[in-house]
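A short write-up of the structure that comes next.
The chains carry the letters A, B, C and D, assigned in the order they are written, with residues numbered from 1 in each.
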Amino acid sequence: MHVFERTIRLEHTDGAGVVFFARYFQLAHEAYEDLLDAIGQSLPADLAAAPILYPIVHAESDYRAMLRMGDRLRVEVTVEELKSRSFRLGYRFMNPAGEDAARLETVHVAVDKATGKSTRLPDELRSALEGA
Amino acid sequence: MHVFERTIRLEHTDGAGVVFFARYFQLAHEAYEDLLDAIGQSLPADLAAAPILYPIVHAESDYRAMLRMGDRLRVEVTVEELKSRSFRLGYRFMNPAGEDAARLETVHVAVDKATGKSTRLPDELRSALEGA
Amino acid sequence: MHVFERTIRLEHTDGAGVVFFARYFQLAHEAYEDLLDAIGQSLPADLAAAPILYPIVHAESDYRAMLRMGDRLRVEVTVEELKSRSFRLGYRFMNPAGEDAARLETVHVAVDKATGKSTRLPDELRSALEGA
Amino acid sequence: MHVFERTIRLEHTDGAGVVFFARYFQLAHEAYEDLLDAIGQSLPADLAAAPILYPIVHAESDYRAMLRMGDRLRVEVTVEELKSRSFRLGYRFMNPAGEDAARLETVHVAVDKATGKSTRLPDELRSALEGA
């Protein structure tokens, strides 16, 4: 499990005074990138030139409690499933009171840029995710 | 069914050269607001003062084809389910070739701002959604 | 002068109930892309492969009136200056009452991707902007 | 001077493979909120209920070097001007090589929500900004 923390900012909120539902996915991706950094598998700065990409083929979120500007958000990222060509991550969002604010998941498939087809996860990434 | 069309812009894309996965939810919400306008149920300009809100309690997306800058996106919004206190919308995203780019859904619950609890959908909104 | 209109949506607003200041720049860029489409100079779908890019080297905004969710925004885009290697665009944002909501500008420089240096504006783009 | 650091993420980038120009303003606001936290003047979670707001009346940015995904961004925030009813902040964005990536500024005016007119900066905020 990887823990990512950050403060909710004005740009995450909307006119209802709470975090806009689509921003949870943005925040989850930030937590995912933070996880990749932590396991030595950072996304390359030049994604357009990367031979293998891991696009998200499914994403979902269950919203349980509001998040407000200034809240210190804690995200626990877990590798829920690791298959030969894909992986699924779970995200538990907790508000400052330690309550569940949301549960998200994202499913990523390894795609070979040259062929446009799915491919096996590189061993190095697989090992790194297994240890996460 | 309600049809919403718009052009994909630079701000929707990310460093991989395609639309960032979280922006699909933003685009779906734009289609939802467009639907509400079309059925005479526009969200109020001052959401903070609205007596009833319809927060999203669940959202999900299945991604099937990339969307690129300049693509004319067509979104078909359908009321998938209408319950006493909630409704579920489906969104079919189509690219300019008429192919499925993504399928999304959002589940909205009517919440009474005064009590913070779920409440019945107002009849007017219910009727309008039934006719959508 | 090019006119771009769109409706302000929830995603543009922040917890203060009005459009977040940074979104004005996003909206201006949408108006700029709409202008390019109108003059037959659309940005290429694959920007990473474009030989010449027109990055923004300066942007500014004066905010005069709030914009709220549901407002029909009218943007008048004007080519303010056209130089050999750069151009400056002005954006007048008007709210539904026809009042000035904001004035923005962006300065774009033609950059040759191969050298990373500024280059002359292509004649075709120059002519198209002159006629805008 | 206040220093704010954060990592550039995929959501900040666009199809050109670098940070989208409008996101610099979003990042600057994040640095501003971080400054307010540091000087004990955090924005209230419920902005809609705040008696005094500090809307931005002017913002500008000069872009000098690209920022890419994964870059560790350093922002130096300085109070450039402190007047009776307004203040101006400067932001120096530096990339990991310590080079200037951008210079931004934002001008904020104190507005009394009840009257909709400008008002004097509260003494507490003034003192805190003087010490920043």
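A few comments on the model shown:
One rule holds in what follows: a contact is a pair of C-beta atoms (placed from the backbone, for glycine too) under 8 Å apart; a residue touches a chain by one contact, two chains touch by 3 or more.
Bear in mind that the values here come from a model prediction, so they are computed numbers and not experimental data.
Rotating chain A by 180 degrees superposes its CA atoms on those of chain B, with the angle stated to the nearest 5.
Between the chain pairs A-D and C-D, more C-beta pairs are in contact across C-D. Our note on geometry: chain C versus chain D, Cα centroid distance of 22 Å, whole angstroms.
With centres set at the average Cα position, the gap from chain A to chain C is 31 Å. Note on chain placement: the centre of chain A and the centre of chain D lie 26 Å apart, centres being C-alpha means.
Multi-chain contact residues, meaning those touching two or more other chains, occur in chain A at positions 10-11, 14-18, 22, 26, 29, 46-48, 68-69. Against chain B, in their complex, chain D makes its touches with residues 10-11, 13-18, 20, 22, 48, 68-69.
On the chain C side of its complex with chain B, the touching residues are 7, 9-11, 17, 26, 29-30, 33-34, 37, 42-48, 68-71.
If you check the complex, the residues on chain B that touch chain A are 14-18, 21-23, 25-26, 29, 46-48, 53, 55-64, 66, 106.
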